[in-house]
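Data first, discussion second: the structure below is written as structure tokens.
Chain nomenclature is as follows: A, B and C, assigned in order of appearance, with residue numbering initiated at 1 for each chain independently.
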Amino acid sequence: MSRFRDVAFAVWWRTIHNFTTNPSFLLPSIIFPLFFFTAFAGGLSSVGNVPGFDFPSGYTAFQFVFVLLQASAFGGVFTGFGIAADFENGFARRLLLGAPNRTAILAGYALAALTRAVIIGSLLFVVALITGMKVTGDGVDLSGLIGLALLVSLTATLFAAGVAFRARTIQAGPAMQMPVFLILFLAPVFVPLDLVAGWVHAVAKVNPFTIIVETGRDLIAGTNPHFLLAAAVALGLIALFMLWAVRGLRRAEAAG
Amino acid sequence: MDQASNGIEVEGLVREFKGGIRAVDGIDLEVRPGEIHAFLGPNGAGKSTTVLILTTLLPPTAGTARVAGFDIVREGAKVRGSIGAALQEAALDPLLTGREHMRLQTALQGVPKADRRRRGDELLERVGLMDAADRKVRGYSGGMKRRLDLALALVHGPRILFLDEPTTGLDPQSRADMWDEVARLARDDGVTVFLTTQYLEEADVLAERIAIIDHGHIVARGTPESLKAEIGRPTLEVTPANPVERDAVENVVARFGTPVTASPGVAAVRLRGGAEELAGIVRALDAEGLAMCDFQLHAPTLDDVFLAKTGRKLTEEDEQVGEAPEEEEAVAA
Amino acid sequence: MIEQVAQMARRSILQTLRQPALVIPPILFPLMLMAVNVGGLDAATNLPGFPADTYLDFAIAVPFLQGSLFAMINAGSSLARDVETGFIRRLAMTPMQRAALLVGNLSGVLVVALGSSLIYLGVGFAAGMDFPAGVLGVPALLALAMLIVLGFASLGAFVGLRSGSGEAVQGFFPLFFVALFLSSMSLPRNLIEQDWFRTIATYNPVSYLIEGIRSFIVYGWDGEALALGFGFATLLAAVGVTGAALALRTRLVRT
């Protein structure tokens, strides 16, 4: 068990060290969520005046939740890029050789993704508050929102890791990015679900991310969130993608 | 073909880059029509810069040169019409096939439309690429890319061919094939070949005359035989049976000539006399109680010539000395 | 010269068509985003003063600009690759005129962009897009779209030739992506609530490019919008082509 911890910690440390000391990794991870927050909350704020749009905390908070979850998800995808790059440049072989229990490697990457989500999420939260975001939920609600963001991060990480373990090349980047992008954007991004029109509404209704983002918004507004349902959906996805990632890891081990 | 205008004449050629670095520092050169002329030197000596200038892709800072009878500065277009060049990079589009490269090159070189396909196929056949003609270049091996590069340089029947390190990175068979084709071009088609290389063997085998360049200067020129004859004396390499005795061995052999740099554990000397000195050396070593496990006597090589002229061995030259900066960083002085 | 341009254009088209990653995303990605935005923002048409009846009519202009960004990357990356592989030196050894290389390369990108634009229009019409500009509006819209593509593609060519690096070209994508977002891409300028955002969108030339194309679909023939759209597109193309030509002169040195 202590070896598992050691390996996971070592992988976590290296990933976070590279992330925080390389401007080419760190800056886009910070800038893009801030940019999306600005573009969506700033540029589209009048959408909050659409008849039928009734969100107690205002449009800024409405968009903050989406951008927070989006940043958490893409942090997981970028962790997947890192895994693929490690395989492509041979570093992963070093990890596989050194770890008695290779699942610890996956655990290390996942922990790193969660840490990354905490860093980016905190920064985003501070900026949102400075721009005047209203938070009408209480501390428990906000903890729930943080929990949801971490679950989303883990889900995306496990999905991307599974792809990376199988493909073992950075060329698989689009295969990690596109599905996550589609899941995120085929959800109520700009307006609540009942104001989404056309086929997107039909897709959003069955999209598991919809319940997560709507619950997140309810949490920040402090209005009857379906937290348990959202958490159950997220945990279900995590279980599914955990299997996906671990099977991918076994394939990578077998490939040598 | 007018043999008289197949030559290259260079006088006082200089190329200076930003920061005052002179990659080419006043070289004079004459390449006779129809000959294979090698330009030999280590990395960063100024070989490629010289080729870029003579092929009109880089203006000189000072000096003059005439290629195929045309001035490289004032008559650049005429120079380009008379020469072909296969430069250091194979310069191919990975997404085009060999045949498509030919089609593009024949069109750009003004080959009449009716002749393009035939000319392209003829050259592809000549360099052994007909079977791969319709494959994308990204699937070609290094040797195949070099051959295609050479074929493209010959599309318009140039009188002078510039080859910049044409066999670097090739396997021995591909290298031998390239040498055969270059020799054939000169012998059968009368093409003048100006070839840069860092491989001694290549210059020795192919070239009728060699110019050795170092730090932008020509330090020696002549036929391979005359250059080696200048040095004249063979080199003896002695490997002691007991590596610890290497210094003692060197002290003994030094009595018979000039010590020269050798591989670790080996003592080497350029003999004052010739092979007749061997018996005396063996007796001297025996008198000192020194046992040997190997004796090698080498005739003078171009490496010895380079060593004699520059104090360094060409084959040990793995640092880039006086490296000329990339052209995009350069500003003409 | 015409033959040289044709040869280089042919090569440019072949290069693009042989890389599915350069063909499919520029077509699919903008349409996908538009579909998502139409579903998600259709409610915005209920805002007082919203100029279009459907969000589709409002948003269909955006894929044309997004397609231009892809054209920028494609043109720039292709020329950067030519510099990196030394292919540009091979071309320099031929009688090919510099202008032919640039025009040919850009022609190839324009042909692909024309195909994409026709697809965007086709999808728009199939989805019930309104088109008050009438039959003559289609070629006029395509002319403006191609002028915009020329502008962005030549900017990409400038970066590709100047840097000789595909990575540097890719590095410009986020910059222009941001410029696209900080415009009247998602809402008309007069409905942007945040003053600072509205100010940026007002000074951002990309707003006028989008509004120029949008005007054919929302208003028909709006003189002011077309004048601004064509004006900025022409300026962009002039700057881009000049920059690319100067960069090519430095890159394709010949005596």
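Everything below uses one rule, namely that a contact is a pair of C-beta atoms (placed from the backbone, for glycine too) under 8 Å apart; a residue touches a chain by one contact, two chains touch by 3 or more.
If you're wondering where the values come from, they're calculated on a predicted model, not measured in any experiment.
Of all chains, A has its CA centroid at the greatest distance from the CA centroid of chain B.
Chain closest to the overall centre, judged by the mean of its C-alpha atoms against the mean of all protein C-alpha atoms: C.
Measuring from the averaged C-alpha position of chain A to that of chain B gives a distance of 57 Å. Centroids of chain B and chain C (each the mean of its C-alpha atoms) stand 47 Å apart. Centroid to centroid, with C-alpha atoms defining each point, chain A and chain C lie 31 Å apart.
Of all residues in chain B, none touches two or more other chains. Those residues of chain A that touch chain C in the complex are listed here as 28, 32, 35, 38-39, 42-47, 49-53, 174, 182, 185-186, 188-191, 195-201, 204. Within the complex, the chain C residues that touch chain A are 21, 32-33, 35-44, 46-47, 55, 174, 178, 181-182, 186-187, 191-194, 196-197, 201. Contact residues of chain B toward chain C in the complex are 55-59, 72-74, 76-77, 79-81, 83-85, 87-96, 100, 104-105, 107-110, 136, 152, 327-328.
Residues 3-4, 7, 11, 14-15, 18-19, 82, 85-87, 89-96, 164, 250-251, 253-255 of chain C touch chain B in their complex.
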